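You will see two complexes here that share chain A, one where it goes with chain B and one where it goes with chain C.
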Partner chain A sequence: MAARAFQRLPSAPAGRILVLRLAAIVLSLFIIAGVLALSGHSPVTLAELILRSTLGSRFGLEDLALFMCPLLLTGAAVTVCGTIGLWNIGAEGQFYAGAIAATGVALGMHGPAPAVLPVMTIAGILGGMAWITVPTLARAYAGVNEIITTLLLNFIASLLTYYLTTGPWRDRISGAQVSTQRLPVAIPEMWGIVHWGFPVAIVIVIGLALVLSRTRWGYEIRIGGANPEAARYAGIPVRLRIISVMLLSGGLAGLAGMFEVAGTVHRLQGGMANNFGYLGIVVAVLARGSCLNVIPAALLMALILDSGIVMQTQQLSASVVLAITGLILFMIAIGDELAHYRPVASTTPKGKAS
Partner chain B sequence: MNKQSAPPGVAPGTPPVLQLRGIGKFFPGVIANKDVDLDVWPGEIHALLGENGAGKSTLMNVVTGIYQPEEGEIILDGYGQTFTSPQEAIRAGIGMVHQHFKLVQAFTVAENIHLGWDEAPRRASPAVMEARTHEISERFGFPVRADARVCDLSAGEQQRVEILRVLARRARLLIMDEPTAVLTPEETGELFRALRAFRAQGNAVIIISHKLDEVMEISDRVSILRGGCKVGTFNTADCNPSMLAATMVGRDIVRRNMRARPEGAAPIATTPVMQLRNVSVRDDRGVDTLRDVSLDLYGGEILGIAGVAGNGQRELTHVLTGLMARTSGEILLDGSLVARTDPALFVQAGVGHIPEDRLRSALAPSLSVTANMALREYPYPPIGTHGLYDAQAAGALAQGIADLAQVNIPDFAMPIRNLSGGNQQRLVARREIRIASRVLVAAYPARGLDIGAIATMLGYLTDLRDQGVAVVFISEDLEDLLNVSDRIGVMFHGRLMSIIDAEAADMATIGLLMGGRDAAGTQPGATQ
Partner chain C sequence: MIALLTGMLATAVLAGGVLALAALGEVLAERAGVTNLGVEGLMALGAVTAVMTVSSIPSPWIGLLVAGLVGAAGGMVFAFGAVVMRANQVLCGLATTFMGLGLSTALGHNYAGQPVATTFGHVTVPLLSSIPVIGPALFGQNILIVPIYVLLPALVHFVMFRTRHGLNMRAVGENPAAADAAGIPVMAMRFWYVTLGGAMAGLAGGYLTLTYVPVWSEGMVAGRGWIALALVIFAGYRPVIVTLSALLFGLVTALSFVGQAHNWPIDPAFLNMLPYLGTMAFIIVPVVVWHRMRRVMAAPAALALPYYRDVR
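For the complex of A and B:
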């Protein structure tokens, strides 16, 4: 018997994960500060500036909320799909599809905002659903890997947006590049520049958490994701559940696109998804499969994005920002893995938090 | 029995190809092998027979260097050897073909043959490798298409590639784990011809199997393992399938009559609750795994199903619970035909199912104990009302099941995989018994349990019987079967050989049936 000091547990208690993640973030901040100091920047002034322009000021908080809004929805889209064991890598494309559908309604339908906005919302959701329909049916009926199909459709949706914003829907009024004209209607603002989509997104995430834990449908999804064979054994129609979950996932990402178009950007623009779809995957991974955790995970991601913008104003290049994002996520991943280990000496399973 | 001289045909003084002396291999809490002696001579095909978990695969993993034994020694051609890796074993001439092939699907046959082979030419063009493969294939008499991709080959052809890979590396001892499990009858015939040719060149083969008739057909000698120890080695010519089956399963049987009903128990029903009429199942390979099975299940009765594992028990279980579609025949529940293959339909009708592989098919390991205990009853009140899932009611249900199963659970929110296998098993059994208002299909419910737990499990079954439920009890343990069953059916080659009265049943008859012969000793169309 080789004496090993640590033992790997199959599941890590949530409390340990939280502690180690905080440690990971603090440690990466120190590394970043060290590197910045070596390259001639003052970490203290930078930190001060970042804090002031994110959490420390009203404008900073408003910006954070605007970044969080789409991340909440795309993060929830990926999480809900992950519950049944599938990866929706296509939230980016569904985001565009929802944005396009909503824009189409806004440009084509003339009427008061209270009439147009609900139609835009429904169009956004349906647009996202439509974009995931083919991967959904291919997965459910032919077993085609959804990772590939959803991913590839992202490029199509992105290019379609470029085509529309430079072609048929291009801005003929102010001549803005790669953009439609400003939409005639907008989601009303609730607090500064923060629109009502933000609280709605929070409510949706909480609602999803309740649906997954408190409904028969949610239970069947969880069983289907944890062990499809056991789901079949229990008589759960796994195929129908896959279809419903994937469509829901697409609809959430589509709604994110609608919110962005109607609440934040007010135009359909090429590249406007801003990687929110892909960052949704990061948010979902950080949330570790729990819908409620999507909220703090989206906040962390929004903080990183926002800090990045501040740093770019301080002559730090965009790639530095990307490297910092990568470092923090990398350290968190290490923290998560370390949470599985505990010293062999204390073999009594005490403190089973979670 | 351990002192065996060379069989006829081997020159006197020739040492065995492989000698095992007192091999022991232990895993935490499990004795996988203990005191195993084995001699394999040049020019023989040696069958290794035993039930699931008897220690066959562990023993072969020790011989091929995957595991290192804790006790005993391995002697090759008279010299002691230790293998620290499978590479050393193959260099010493021991090659193994696993049940699940270890080939690169996207590579050609020639590339797979040369993969990781130190004798492969340094610069190998496809043409060179294919020519070499062709030559090897001719030399050993295993025809393969050198330029074909492995993924385009049938199971039989893939197996030939695996065998060639081993032979090309100059194996003199070929070990095959359940080689015929994936083959059609024709492919099995070809394999056996090739193995005989290999033996004729003075090489040796160890073949792991629990198909008795194949062991009879191909092997020269048989060694039987039971519970990690060797029971004995026999000349195949002196054996018959019934005697092999009996030796494989047969410890001394202690007959305890658990058939007696207490007062107030439900009598055996007069009309069957479930009926199978000429049910057959054909799998993807075109092999009939269930043939023309007819049986009636009556409430208040335990029907035992005996037989060597892999003779259609799994398919029978799945057909009885709606998990597997039948190719022909019909199923009647309460006298009315079941039209669809839908497990939900059977659950609603009150059919419980303790499956053979509980962790894989009856539990969601990463979910909580509570969620797992609700698996059968979540659609119904009190847990499921108006499409909701009442977590509190589910918790109460889980608590109730755990109490009945006498499993102490520190935290119902923890993943169920944190529990021991035995406790998982008890929980599944209790969960299924709760919903089994009409029928319980229990596949090997006692497997992996200790003696006390087995007695408890059998008690569960008789309790259910006394409540008027029809119980199907599938087991490889004849003692348990004889003690609780009212009737016993024996499965062989997917066929239900016959159903006999357990009280009158004797070991000899059951042994005959398990070997594919009916009570009169004839073989009713067992092979085709």
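For the complex of A and C:
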């Protein structure tokens, strides 16, 4: 009887999703608070500290914007891929590839910043695109699962970064470990330590939203994702669209790497991707396939990362943030599914419902 | 040459065991129609809990048991989301990996970098271990090699393809609506096979720290869970082939060790890329070269699709 009292809708209303997501986040926070209390930390003091040092301070807000910048781009990278029904789990690797290509330009090209930065930007985008080329072609022409191939390349990119930063490009000036020297050029700063990459990332995300919703190309991508058979029947070259979307996705993640290396870190470093690629998946999920939603989603994710800094000062390891992100993602996945259910009058005739 | 071959095979068998266990578990889950992308995280949890257990109870068996139980618990958490609540399997899997990796690092903080207290020692089977080349690899290492490479795959193969229960389980993965109509409990079947798969991922993690790499460090699972997922696709969801491909994969890993030991003029970073490059080649090349492969090795028809009895 109980199973008959709910009806599953094909698509969930946005309002219901919002309510259930808030419930999911609150529930996650309660679980986290419980675990923290059990391990001898006071959740209330910690929450107070986190609020004061993230939203309540200039430095916290600057860090928030710096965290948001790569998350906006990796989140958009995963979102555009998702529009055509594919998962790019390799934004982390494309991020490194973009950072490596941009660093190569910065170290090899001598000139004034206004000349070097555009070349670095193009190199970063091309680096990210190059990194997703093999998964793209394998997906488009042989139907090979892109989740696994994009992901495996993350490990290779991370090893390549390690090789470059300990070998040919190692820091010979200050001797920093697993790092190149400080790059000669940097993206100019606009507000404290926040560089111009941040507004550019926001503009890119808004532009993508317009392209996806207002152009023929965007329309074909959305149809290709919603119903590949119908798209093919309507004469949309689905294979070409898959290739263009995946390359765009790789380029966005590569640009995130370029911004990070030229605007925030100023060096190529092992581990500098900081899970931004993987967290881009979380951002994309929160955004539910809409590029405009990427902005608030990246803000939420950046808040979590920003709180992570505070937690580290309280003897909680950085990995706790990853676990917390996982828990929130898990709860939201369940919440999104529950949002599809609508209570119906339990007087439904029995035979009809099954 | 013989010595080199013997050594390489021994390393390959040892390294491949981690993948064989995890991939066999994933075959069970995927044949029942559920993709568990949480393997990487469950392996990390198994690896760290095995280390923690043997540091207070000096028995590798109990360590392995705890790793398996923790893996099963993690598998149940995933299955609660992906099977019972029918939430998106990709998301639940990624979330499980995040939680597993994060928790394992937090738990293992005080154990990082220390040698594991008790590990599975060498067991040499008389006579069998003196077979040239394969003897030392199969019968001259730890006691888990034969169960992992022979007993478990044989058992899974028999149950899956020779029993009614196995037929039912595969039906759940191919056509859950038909299976449901035939009276097979779809949700229970999926839930318990995902849990079993999680337990085997946990065991794989325990095997990793109790035999092959006896020290816990953050990120030590290093993508082996993802490689195991790729092997399942490569092997066309078949238990015996997946075990053999894990061994093949172990050989690729062994090659990078041999390269480092013999000072090949390649940077170790590139040799360390071999397993990942090898996996890429494993899943791309066969499909490109031989198009029929796509149909022969096809995934279960209802893989990663939640089953709704009430929605048509």
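Just so we're on the same page, the second predicted complex is superposed on the first by the 336 of 354 C-alpha atoms of A that agree within 3 Å, B and C clash if a C-alpha of one lies under 4 Å from a C-alpha of the other, contacts with A are read in each partner's own complex, and residues count from 1 in each chain.
Criterion: a contact is a pair of C-beta atoms (placed from the backbone, for glycine too) under 8 Å apart; a residue touches a chain by one contact, two chains touch by 3 or more.
Keep in mind that this is a model prediction, so the values were computed, not measured.
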Combined model on chain A: chain C and chain B, fit or clash: clash
A:Thr45 touches, of chain B and chain C: first, second, both or neither? neither
Partner touching more residues of chain A, whether chain B or chain C: C
Contacts of A:Val134 with chain B and chain C, given as first, second, both or neither: second
First (chain B), second (chain C), both or neither touched by A:Arg214: first
First, second, both or neither for A:Val321, with chain B first and chain C second: second
Touched partner set for A:Tyr233, first chain B, second chain C, both or neither: first
Which superposed partner A:Ser57 touches (first chain B, second chain C, both, neither): neither
Shared chain A surface residues [contacts with chain B and with chain C]: 354
Of all residues in chain A, those that touch chain B in their complex: 10-11, 213-220, 222-223, 226-227, 229-237, 349, 352, 354
For the chain A and chain C complex, residues of the former touching the latter: 3-4, 7-8, 87, 89, 134, 138, 141-145, 147-149, 151-156, 159-160, 162-163, 166-167, 278, 281-282, 285, 316-317, 319-327, 329-330, 332-334, 336-338, 353-354
Residue ranges of chain C in contact with chain A within the complex: 37, 41, 77, 81, 85-88, 90-92, 94-106, 109, 218, 222-223, 226-227, 229-230, 233, 267, 269-270, 272-273, 276-277, 279-280, 283-284, 287-288, 294, 306, 308-311
Of chain B, residues touching chain A in the complex: 322-323, 342-347, 353, 355, 360-367, 371, 374-376, 378-379, 384, 387-391, 410-411, 413-415, 417-418
